[in-house]
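Shared chain: chain A. Partners: chain B in the first complex, chain C in the second.
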Partner chain A sequence: MTALAARLVQAAMVAVLIGIATFVMMRSLPGDAAWRIAAGRYGYDNVDAAAADAVRAELGLGGPVLPALLQWFGDLLRLDFGNSLVTGQPVMEEIAHQLGASVSLALVAVVLSLLIGPPLGILAGLRPGGVLDRALLVVSTGLKAVPQFLMALVLIVVIAVQMRWLPAAGHGELRHFVLPALTLALGLAAVNARIARDAMARIAGMPFWSFAQWKGLSERQVLFRHGLRNISVPLLTYLGLQFVTLVEGVIIVESIFGWPGIGHALVHAIFSRDVPMVQGTALVLGLGFVLVNAAIDFAVRRIDPRQAT
Partner chain B sequence: MIKTFVSTVAAIALLAAPALAQADTTLDVVAQFEIQAPEPSTSGYIFTRMGIAETLVNADAEGRLTPGLATEWAMSQDGLSWTFTLREDVVFHDGTPMTSETVVNALEIARAKPGPLAGLPIIGISAGEGELTIALSEPLAALPAFLAEYRSQILAPASYGPDGAGVQIIGTGPYRITDLQPPLSLDATAFEGYWGAAPQIADVSYSGVSRVETRALMAESGEAEFVFGLDPASVSRLGMVEGTEVLSVAIPRTLLIKVNAGHPFLSEPAARRALSLAIDRAGIATAVLRYPEGATQLFPPSVEGWHDESLTPLSYDVAQAREILAGLGWQEGADGILTRDGERFALTLTTYPDRPELPLVAAVLEQQFRAIGVELTINTTNSSEIPAGHQDGSLDLGLLARNFGLIPDPIGTVLGDYVGNGDWGAMNWSNDTFATLVRGIARGEGGVAERAEAAAILQADLPIIPIAWYRQTLAVSDRVEGATIDPFERSFGLQDMRWAE
Partner chain C sequence: MSALDIHAAPRRGLPWSRVIGSVLLLMVAALAALGSLVVPGDPFAQSLAKALSGPEPAAPLGYDHLGRSIYHRLVHALRLSPLIALAAVATAGAAGLILGSLAAARGGWIDRALVMLADALLALPGLLLVLIVLAMMPGTAVGFWAGLSLVLWVEFFRLTRAATRETLASPAVQASRLLGFGPAYVFRIHVWPEIAPMMLTAAAFGTATAIMAIAALGFVYVGMRAPAPELGLMMVELLPYWREAPMALLSPVIATFVLLLGLTLLAGSREQ
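Right after this comes the complex of A and B.
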């Protein structure tokens, strides 16, 4: 219960800090916001003084900082994120649409990475120094070293263009998930395979493991009864950290695969000084981070009650 | 254990396979543009290109005006009023008829938003029986061309909210929207009640994909049948790919340098001519843009009437450029940069990355200007910095791509850029002869000779320095036939395409 309260306080602090930080950063960027917003709305062929003046008049830009910030917090308490300065649509609706796309992509990527990485890591960890272990070290180091941008292009060229198995880009159907999710998943799997491998090797060297084998359990039985639960603790803990990598990766992957997600939205909002949109997306990402970590803390406690002291 | 793992993966793959297979009867269009909102003033060009919304006036491939939702139009004797006869039996996608009142409503809303209509000398728009009349405070011969621009699209009254902001797109075009998901996608299907010939391909979709590499790969993999806006590198590769054809056409868009003619270094026309002589246009065109040739004057050949074959072409001559600058009192300093009265010939070139070729060309220009002793600092920033710098006078040079065909008659752009405030045109430059000529052309006086004379003044005075004429390229799958490419970028021409036998 106290843990939950602590998390709530943490979430509130995150909201306040993100609100202030994004607001101050957006205000202190060089250049006139009305011009930037007008360029975002009407494009480079049509942005001119008349458009910038119309934007300035419509939005009442350039007012004092503090009232605007307090206004934003006030609206936030009523769960009102305001309207996008560029599209005029409610920020809440845009984020809901785009966050949904990002979250589904991220979830598929995490599941895919968990299907690829840990099983291979466990197999390698069971025979440390074996062929699979050495091969996995090379492959995972290699995969981790490849930038996601390059990985995405390689996958598109090989799987979409050469083999024609899957679409190169786009969204809306199940088949569009595979390549972007795989791009993200390979990077994640490269690391969690190593985590699983190290955890497995460590646990396989422990006395209780040998004891389980002595009492006559098969390798499979030992792994399923005594191994998996132990391995999942470092794996889950690391998953929380990987959330950052995931958000970072989603921004790049979304732009390459034309995915209408929150990373895409954030980049565009920053370019065109869409302050409510930047604040909204940053807030959602920040709170998402708190939520993911809280969920992982909770799960780890359930898996390993010893730490709950 | 390994066996279990392999068989699990195989099972997942098998289960997933049917879901991944596709039965595709939709024509997929991919371009770089994002749909912001169902709002004609910002994203209207996507709706007109996709054949969803229409304008009163259309333009053919040569820029000649053709009937759209208006069948004919005429100017009054004094030139102060235009009457447009509306097409009969046109219905909007929601089933309501297009009447003169609905057209006036759409135009009045468009006129209240930033755009070309806002700057016109329109006194009032009134609805008549099957026609509408636009009253002007001064003659404007090019008015019909302004009504061909995408922001003048005619939508049903239910398309607009109480404040005039777009809430949905209910047009009159051959396709009606079935699903609109900003910012990246739109699905549409043939509209049964269309007044013209029914489209041959019933279902179309639009996807916004901002990365040009991705778009090219989507064309190459056959994922999209119609891929718009390719970069030079992709064009040469896609040209060799089976199953894809690359179409290319010269468009009325020019790559140019906007010059602050009020800058102490650039106020003499001779100084601007020296900068122009320093530019190796053929080199930039072939190496960066992969076009056969650079620009020889501001207006590309596709801008009929304004392009003048007999005009002395802009040339490349470093020695002559140096000579001119020496004549203006510039002397080479120790580091090779010119100085005059203790001031270095150093300028900032502002450009924007929205068009990926601009920063590349800027880098080449830095080298070419250095060869005549002019130091360039490149500032790649938001596109709005150019008009903003124009307004506050801080701009030195701006590298930009200017479209003369947004309004099919270039007079609108010429008037705005070189006589009006000129956010994207001349800066601190005015020429009375030019202004008189252009205002006359706008009123409808003057023909080819006057246009050529105006173009010659720009060529001699160089308030802007032209560099290259653009080409638009797109890739079409051989699964479809009848694709064309519109130099005025008004339509993708989907309604004339059909599936290949």
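Right after this comes the complex of A and C.
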């Protein structure tokens, strides 16, 4: 219960922080926000002072600070995120539209990383110091030093441009998933594998493990009955913390591969000064982190009831 | 987490990994510091007749699509983002250290408020914060410094607070206090030796994160602006010409990889 309360406090703080940050952003952006927004709406060649003044009057960009801040938080409390300043559509509709694309990409990446990383990590952890263990250490250290955009660059150049196996950009078909998801998955798997390996090596050194082997269980049975559940706890906790890294990766990877998701939208919103969109997307991402971690707290407690006491 | 774990964490990586990491970083630093002394040149000077041509004595790595020496652009790029990263890490480290020890020493509502702020920042993707600060700040380099400091201080704060709380509760600190020593003495003698080794790991990770962020945003055209020589920006500018001049694209790629690998190895293992 206290864990749940802590997560609620965290969620509230996230909302307040984003509210303040986006309000300050709206007020303090260099340049005239009205001109920027008008340019975003009508194109840079069609903006004149009349259009900018119309935007200023419509959005109430002039005026005193304090009432504006109170109104800002009032809207936030009523979950009224307003309309996108550029497209004029309600922010929530836009986000709901983009969130699906991002979530499906992120899920495919996480599943892919779980298929690559932990099995290798478990095999390495069963024989610490063996050939596989040392090779895995070298490969995962190397992969950790490759930022996601560099991984994307290498994959595009090698697989899409040179071999012509897969499209470099696009959205809608299954084959469009492969490169962006693989980019994200390899980075996650590099660390996943190390976590699984360390957990496996620790558990394989415990007395209950030797006892299970000694009483005559096969390797397979020992691993499935006594190993996997113990390994899944650090792995899940780590996945929750990795959510932020995943989101950052999604922002970059979507921009590179032209994926019509929330990260792509966020970058565009920030640069066209579309503050309601920034606030909406940031809020969805921040609260998403809190929600995912709350779910993981709960799952870990179910897997390992000892922690509840 | 006991004090023992904290000490064990940095040592867990293979013993030679830190040596290799330091050597790689020294190589990159030497190139950045001495590169333009060895082969003098201008990273902005264009000679379009030489666009995408191969290496020659005045430009050891050839020319890019606008006929600028890639070697000199690389040397300048290797100064730019590491300097911003180090400045951000220094600011974030100082802020994290001060606020972390303050929270641990005072406790009460200061502690709770700071932890709440840190937890909320932890829930937001760092790149998002950096982008928002970048949009507000007048200069790109200053924006990166401010944004990255805002993102990175949380890690230093959490480490400092956890270790300081534990140390302050130890009998050794109690004895010091009973003998009448002040907070400055307690910090210098008891707390700092505990957190110093962790600070190195956190600083190396923070620098790597910062360099990655600058390069990643440059790569998607929302970071440093052309014609500034920056690692990510160089890569994305040279990507269309990679068939004609593969070495031109590979130079910033390899330099970035070596820099980040060096920092990762120097940091050692962070995962528990």
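As a convention for this text, the second predicted complex is superposed on the first by the 267 of 309 C-alpha atoms of A that agree within 3 Å, B and C clash if a C-alpha of one lies under 4 Å from a C-alpha of the other, contacts with A are read in each partner's own complex, and residues count from 1 in each chain.
In this section, contacts are C-beta pairs under 8 Å (C-beta built on N, C-alpha and C of every residue); 3 or more make two chains touch, one makes a residue touch a chain.
Keep in mind that what you see is a predicted model, and the values were worked out from it rather than measured.
Once the two complexes are overlaid on the shared chain, A:Phe271 sits against chain B and chain C alike. When the shared chain is aligned, no partner comes close enough to touch A:Leu76: not chain B, not chain C.
In the superposition on chain A, A:Ala52 makes contact with chain B only, while chain C stays out of contact range.
Once chain A of one complex is fitted onto chain A of the other, the partner contacts of A:Val157 extend to both chain B and chain C. By the touch criterion stated above, A:Val103 is placed in contact with neither chain B nor chain C. With both structures placed on the common chain, the touch criterion links A:Ala21 to chain C but leaves chain B unconnected.
In the superposition on chain A, A:Ile256 makes contact with both chain B and chain C. By the touch criterion defined above, A:Ala145 lies against chain C but remains apart from chain B after alignment on the C-alpha atoms of chain A.
Overlap of the chain B and chain C interfaces on chain A: residues 153, 157, 161, 255-256, 271.
Residues 14, 17, 116-117, 119-129, 131-132, 134-136, 138, 208, 212, 215-216, 219-220, 222, 232, 235, 239, 242, 249, 253, 256-257, 260-261, 263-265, 269, 271 of chain C touch chain A in their complex. Partner chain B is touched in their complex by these residues of chain A: 31-32, 35-36, 38-39, 41-52, 54, 86-89, 94, 97, 115, 119-120, 123, 126, 153, 156-157, 160-161, 164-175, 178, 219-220, 255-258, 260, 264-265, 268, 271. In the complex of the two chains, the chain B residues touching chain A come out as 1-2, 5, 8-9, 12, 16, 19-20, 22, 28, 30, 34, 36-37, 39, 41-42, 113-115, 118-119, 165, 181-185, 207-211, 213-214, 217-218, 220-224, 352, 354-355, 381-385, 387-388, 390-391, 400-401, 403, 406, 421, 423-424.
Considering their complex, residues 6, 9-10, 13-14, 16-18, 21-22, 24-25, 28-30, 137, 141-142, 144-150, 153-154, 157, 161, 191, 194-195, 198, 238, 244, 247-248, 251-252, 255-256, 266-267, 270-271, 273, 278, 282, 285-286, 289-290 of chain A touch chain C.
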